[in-house]
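This is the structure I want to talk about, given as structure tokens.
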């Protein structure tokens, strides 16, 4: 790391920093410019953290050179992470991008959920997603059906052969969820709920981690690091829009460029969720394709058997006929992209 | 609420919305402009939610007129909430703004914590704050000393007569924390951790709720509503800076105007945390004063007995001598503001 | 428009608003809810503006129903704008998306510029862009070669048959620029330089208007409206990234969804600039494709004959060999998308 | 500056950077960590710019140590800039903060303007501000009365002894404005209109430069640098709110902390504009005081003789009676702050 001293830092203050670094076995070099002294230090940042150094008198700023995430970094782990499910479905690397579809929340009507699952199966999707516990901004909104919803999810997946995805909101629910669910999801609002990250990090179940509304890419990868640090390396990232100054036409701004950026700096798979990312039905197809063309490993789309009567997020849900229409076009696009990508890499080899 | 239809909504779509509203006992009036039909509906938004209406075909946008928070709103509860502690300290209303001080995290050295508490007592502060569980962006950073830290907090408060404040990160820790702590804090990253909001809502302990980095004022008050909805109305809001496009000189941007805005729309007390809000020692005094002058009910300031060796947030912590200096000036300012405010209101009556 | 009164607005305040509306020939209806009175008014907002109404005592908020841009709106002008150049090149509607390439600024070395133009021609691009006047954040940076650069641009275009694009920064330069340049560009920093918008609005030359770093979509379309209002309807919008809280890996966040949003609400063509939008070479190809797949009418890419010695923006410029490589893949992608789009629309008809 | 190489930069790439630095007379030192090579270079950044270096292959990032603004920096010019007007009024340094008041735009009714000016004089204000040319987001809004408005401004100032402030939007208007106006203002939307910055930089008239909606503090100071670089060092900065994700209750977020930050890094005076910063009448008094308490050198407040009939920004304007009320309290606050500040500094000496 690089320690930049204040313009008027005293020789004593500079020496203090250098001594502390050396005492902690850092290799130290420094330059004194006409204004700032700059100290370059190589060593173990877990014994002497940048935060601690920054508190020393006379220190203006610390510039950390190496990215703070380690297990998630491509630097240290150049190979793409590929997650393989018992039924042979794979996410990540050179595998064909997957599709996850389903309602925002699982409702009373099991037949409705099953219809969505069957439509998903028919269109070649691999995952059924549905919420059992709903994070809701207002306490007056529908909060989800809990375990009953998970039972429905399992049943619909057993009938169709899809894999199930559902959000976990409380570490206490983990054991129960593991009985029913193939992929745990951590929602955008919980991206820095460290207790929850730790809890899912201690199981082996694949986890979809959604980017927070105000997460930087670095913080997002550090949230993944919290999970991986506990042993669970089956992390799937999900870009679902960030907060911006303009929410007149879309709920969030989808940071499509974050996908190739994350691919460069991390080996983890990343999917894209245009339903939450835009909050508008008519934007799902174009933004799903945009995600795929920049390299996403999958898409997540809200589908409801009766969006006009959905208990949550009906506005951004596709009905089953709309979904079949949209998914048909996304499938052609995805197939061709995948064909070219694999041919290309085959030719290169 | 007002339902704005798409420019090309059909008569059928319009009738569909009106019928649904009437079926749910809404009082309905509507105008057909040359482009948009606008429907004005008065009724119970918990039986027919704006979200559900927005999913109907032909609906462009729903404009909710009344603020969605209820228990927290001044509209419905015009009187200022005042929270009274067993030792007579009061927060809110016309009471003199309080001061909360202490280290970001409680460390091994009990004597250090005690020195901070004693300095706080000496300077007239009412609360000692110190973290036992630390939410940390990176898993490689210090995570807090847990229960032991809480014991230290209790001991230092018993010795000095201060009230203790500490952050809760997991609903499972609630019972344990209630034994040691006078005020629970919910951190910025957990402002939409609804499980945690619910859990603290079920006890009676006062709760400091920090605004999230990307919380709108409305979402912030809805987070408070989640706590109040469970029965606990002892909520103290805390403005601690929001995320902006510029973090070169300050960690966050303090939204000082949010304090009088929240005072207008809610009866809850609100304090200001310039240490986290700016991340810079030299900005603590001016921003604390700015918070007080616009009407904050208290301030929260990081003080560490040895900031250069603090395990977290040393950069933004004041040392004890600095703190005494700064706090002396803040006290004079606070005393005079309070004197004028109470004299003024006395004269008005 | 809808006028929402404060919860405690008096009957007098309400009557005042209604009288003013009626005096201005608005058609008025209103509801009195249990808390708010809501007034629905249809009439000419240029005689009585929402801004003026909002200043009346007791008015909480005005909600304008119809979008404030008129000439730019698809509502009023459903047909796509198509801009046709003398050489037959067309932008907008169902025409194949175009490519604009060239250096950030035109430098001393004419041969370098010509090489870029020739490479562009060879790869099927239609436009050469190059800056003569450079808006630079710092006065110590290179400010452009002015008229000489424009002469170079004209010469390189004459030799290759490309059309030229260059930024105008000052209304005083307009006549001079019209001699040399086929398309005027207004940069992101000048998106609300109304004097400049007016000036270019008075000529007939096509104008590329770049979205400001902090322009909402509505403000962006209103900036276009300023140009169109003066008579020049040949406006091409350009999405080039907006400012967000994260600039660690990309200069800006590209708002890819803004392209289909703008297509829905406006008939104007829109292109995408991934070079400025990301500031990173490796993101140009994926983001150009993402722009095209969501419906952009063209792309703009920085190419320099010697990026390592470029006087500005070398970091985000492609060298000529990189460009040929990238452009080849973008061309295949673009051709296929266009083929499908036109076949599809042919089939639908 | 510090050049951080990519993790896999080759020896050749590293040597290339070093050679280029040495060829440009930079003093160079470098470290090779286990991952990144870091090069520390001291020299003249105008001969070899960071932008150019960043385009070299293998360079990951450039960290500039010294702030890029020079004339505006306190580093190089430790003394506070004080601007003195012919009538003895002073802005900056230890002088008592000034007050600028007046309507958003000057309207047809001269008597109205005069009443505002007289009220300002009566309350001890030093400046009358009023717009002659209005930057308006929509072309359908009132655009200002131009020269006639400037004549009114001059007349009202001649009658009252106030100094006049008005916004310049076009370099072509400069000579005309210099005849009538004591302080030129550059609006937020023109903060990076470099032609205009240059033009006002070539005269000697004091200039108020408003921070852009999305200007970082560094960009804001660089905009001031553009003016100073042309010779005009009479620059007064103005904080007037920045754009954030929440505009439900306030138009912008006032970055109150930016005032002490700018005071630390620059010697220029800075004032605060709570009318534009919040867009709400009831927030003007608290935010004006917040600005003063953190060290602003003045305040700017919108006052209109008849806000309900104002042609622009009535919502955020104070009427004359409200203004007198608010200004009275601000004056007491300001006087006491100033008294303490000057006594304090006198005692310290």
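Every chain is named by a letter (A, B, C and D) in the order it is written, and numbering of its residues begins at 1.
FYI, contacts are C-beta pairs under 8 Å (C-beta built on N, C-alpha and C of every residue); 3 or more make two chains touch, one makes a residue touch a chain.
Predicted model only: the values in this text are computed from it and were never measured.
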Joint neighbours of chain D and chain B, given as chain labels: A, C
Most distant chain from chain C by Cα centroid: B
Pair of chains joined by more contacts [C-beta pairs], B-C or A-C: A-C
Distance between the centres, which are taken as Cα means, of chain D and chain C, whole angstrom: 27
For chain B paired with chain C, centre-to-centre distance based on mean C-alpha positions, whole Å: 40
Inter-centroid spacing, chain C versus chain A (mean Cα positions, whole Å): 31
Chain A residues counted as touching two or more neighbouring chains: 214, 243-245
Category of the chain touch graph - line, ring, star, complete, other: complete
In the complex with chain D, residue positions of chain C that touch it: 45-46, 49, 51-52, 54-57, 68-70, 135-142, 169-172, 189-190, 192-195, 212-214, 219, 222, 225-226, 229, 243, 307-315, 317
Residue numbers on chain C that touch chain B, as the complex places them: 2, 4, 7, 27, 29, 31, 33-36, 38, 40, 42, 63, 65-66, 75, 243-245, 247
Touching residues on chain B, where the partner in the complex is chain D: 214, 216-218, 242, 244-246, 248-250, 253-261, 264-265, 277-278, 282-283, 286-287, 289-290, 293-295, 333
